[in-house]
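In what follows, chain A forms one complex with chain B and a second complex with chain C.
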Partner chain A sequence: MSLVLDILSWALMVTGGVFCLLSGVGLLRFPDVFTRIHAASLGDTLGAGLILLGLLLQAGLGADLVGIKLVLILVFLLFTSPVATHALVQAALLDGLKPWTRDGRPTEGSLNPDDPAEDDAFIRDARDGGRR
Partner chain B sequence: MKHALSLFVGLYVLWLLLSGHWDDPLLLGLGVTSAALTVFVAWRMEGLDHEGVPVAVVLRALAYWPWLLWQIVLSNLAVARCVLNPDRIAPRMTWVPVSQSTDLGKVILANSITLTPGTISVQVDGGHILVHALEPGSIHDLFGGEMDRRADWVEGSLDRPAQADRTTDPTTGGA
Partner chain C sequence: MEATASVFVLVTMALALARAVRGPTVYDRIAAVNAFGTMTVLVLVLVGFLTDRPEFEDIALLYGLINFAGTIAVLKFVKYSSLAGPQEPRPAAPRAEGRR
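Then we have the complex of A and B:
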């Protein structure tokens, strides 16, 4: 039984490691910041998730509640990483970076830095801070 | 009051699970104190409302998660394919219509979009979300509205402002 658990948890951890590796490779191969963020989210979600799942099989629930802490790590990761991603992409757009496209034409939707949130002090600060 | 109470219970359960002390009255009492202090600070910061403590959606959100996790696995595989063959990528950024009417519902949907690799929600404006996607296919999926419908179901447990076109089929574009 413990052998089966070991094999399963190792398989999960190695697969998670492979996804983290792919995330790093994508970070190097993709053309611009926006596509690279997509690559980075690979390690954030399935990479971290599979490694934590493998660790969970190793730890079990146990008297010291390690398993619950591992699950909580995953939950907090799933709540916080989209926020960071969203902030990063919006900061890049507000700073004037143009998303890379295959045919070189601008994207059909865009964030007009002078229009949508002129009343939003936070975004105004971010934009003016970038120009200074 | 409902929000303060549920935040207190949630925090105390979290404290118990993290500390693992079940039998020392002093430590249990200190746990109660710290949880109560946190609730007080949240109340002072006016964070005790349906957005700060979204108890209403917890049950449906838990039912929504397995589907979302499965979507995350699928899109991870799609992005991994792109990493191995960068010629596949054709990034697009476009406004996608959403049918959520409350801020919390839009946050649930936008977070779900960002959480699945290959799509990032950049900006929310009225009934639309600006989405950057690695492959055109994932934009098509979003226009298909499956995720929108499910996030809508999670949002369904909230009091929503009445809306005349509530009955329109989201598959046709909704808004």
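Then we have the complex of A and C:
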């Protein structure tokens, strides 16, 4: 039983480490802000979650608070990291940065107030609400 | 096995640091620093398990809290040039007596 737990914990931790590494490579090599933030959020949730789960299999939920604290860190990361990512992307969009596309054409939801073709009500609301 | 995961996480920290130095926009830098902070939490937990010192988990928990609050604070500072929010001329509220 202990061997099975060890192997499972090892697999989870190495998978989490590989996901962290992938998110770092994406953060360095992707072409614009939004894709880079996407890559970073992958490591924040999946990489950290898998590593913490692997450690939790070793610690166990005993009475010495080690496992409890691991669960606390995991829950806290799972709540705050998407919130921070969302705030970051919204700030970048409201600042007028354009999402990268392969052929250079703008996407539907560009946040340019001078663009007459822009009629996405959701984006308009987000922009006006963000400036209020 | 904690050592393997630690090496992966440390390499990720180096990559995020490179993006934070290079990043053309300020949002690149904030995203990189946020990822760096998350990886710091992981390194703290892993080192705590490697050296068999569970106190490191408290530091990791606190670092996660500070990382989130710091990211939001820096974003707000970048957006409004002030931590107090948008600077609009506001009508002066009538001051309640006896309140500071």
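We adopt the following convention: the second predicted complex is superposed on the first by the 110 of 132 C-alpha atoms of A that agree within 3 Å, B and C clash if a C-alpha of one lies under 4 Å from a C-alpha of the other, contacts with A are read in each partner's own complex, and residues count from 1 in each chain.
By our rule, a residue touches a chain if its C-beta (ideal position, glycine included) is under 8 Å from a C-beta of that chain, and two chains touch if they have at least 3 such contacts.
Just so we're clear, the structure is a prediction, and the values are computed from it rather than from any experiment.
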State whether chain B and chain C clash or fit side by side on chain A once the two structures are superposed. fit
Could you look at A:82 and tell me whether it touches chain B, chain C, both or neither (first, second, both, neither)? first
Of the two partner chains, chain B (first) and chain C (second), which one does A:17 touch, if any: first, second, both, or neither? second
Once the shared chain is lined up, is A:25 touching chain B (first), chain C (second), both, or neither of them? both
Partner chain(s) touched by A:46 [first = chain B, second = chain C, both, neither]: first
Contacts of A:102 with chain B and chain C, given as first, second, both or neither: first
Least Cα gap, in Å, left between chain B and chain C after the two complexes are fitted on chain A: 10
Share the list of chain A residues that count as touching for chain B in one structure and for chain C in the other. 23, 25, 37, 64-65, 69, 72, 81, 83, 85
Interface residues, chain A side, partner chain B - complex: 19, 22-23, 25-26, 29-31, 34-35, 37-39, 41-42, 45-46, 49, 63-65, 68-69, 72, 78-79, 81-83, 85-86, 89-90, 93, 99-102, 107-111, 116
Under the definition above, what is the set of chain C residues touching chain A in their complex? 1-2, 4-5, 7-9, 11-16, 18-19, 23, 25, 27-28, 30-32, 34-35, 38-39, 41-42, 45-46, 49, 54, 57-58, 60-61, 64-65, 67-68, 71-72, 75, 78-79
If you look only at chain A, which of its residues touch chain C in the complex? 9-10, 13-14, 16-18, 20-21, 23-25, 27-28, 33, 36-37, 40, 43-44, 47-48, 51-52, 54-55, 58-59, 64-66, 69-70, 72-73, 76-77, 80-81, 83-85, 87-88, 91-92, 94-95, 97
Chain A-touching residues of chain B, taken from the complex the two chains share: 14, 17-18, 20, 72-73, 76, 79-80, 82-84, 86, 89-95, 110-111, 114-118, 120-123, 125, 130-132, 134
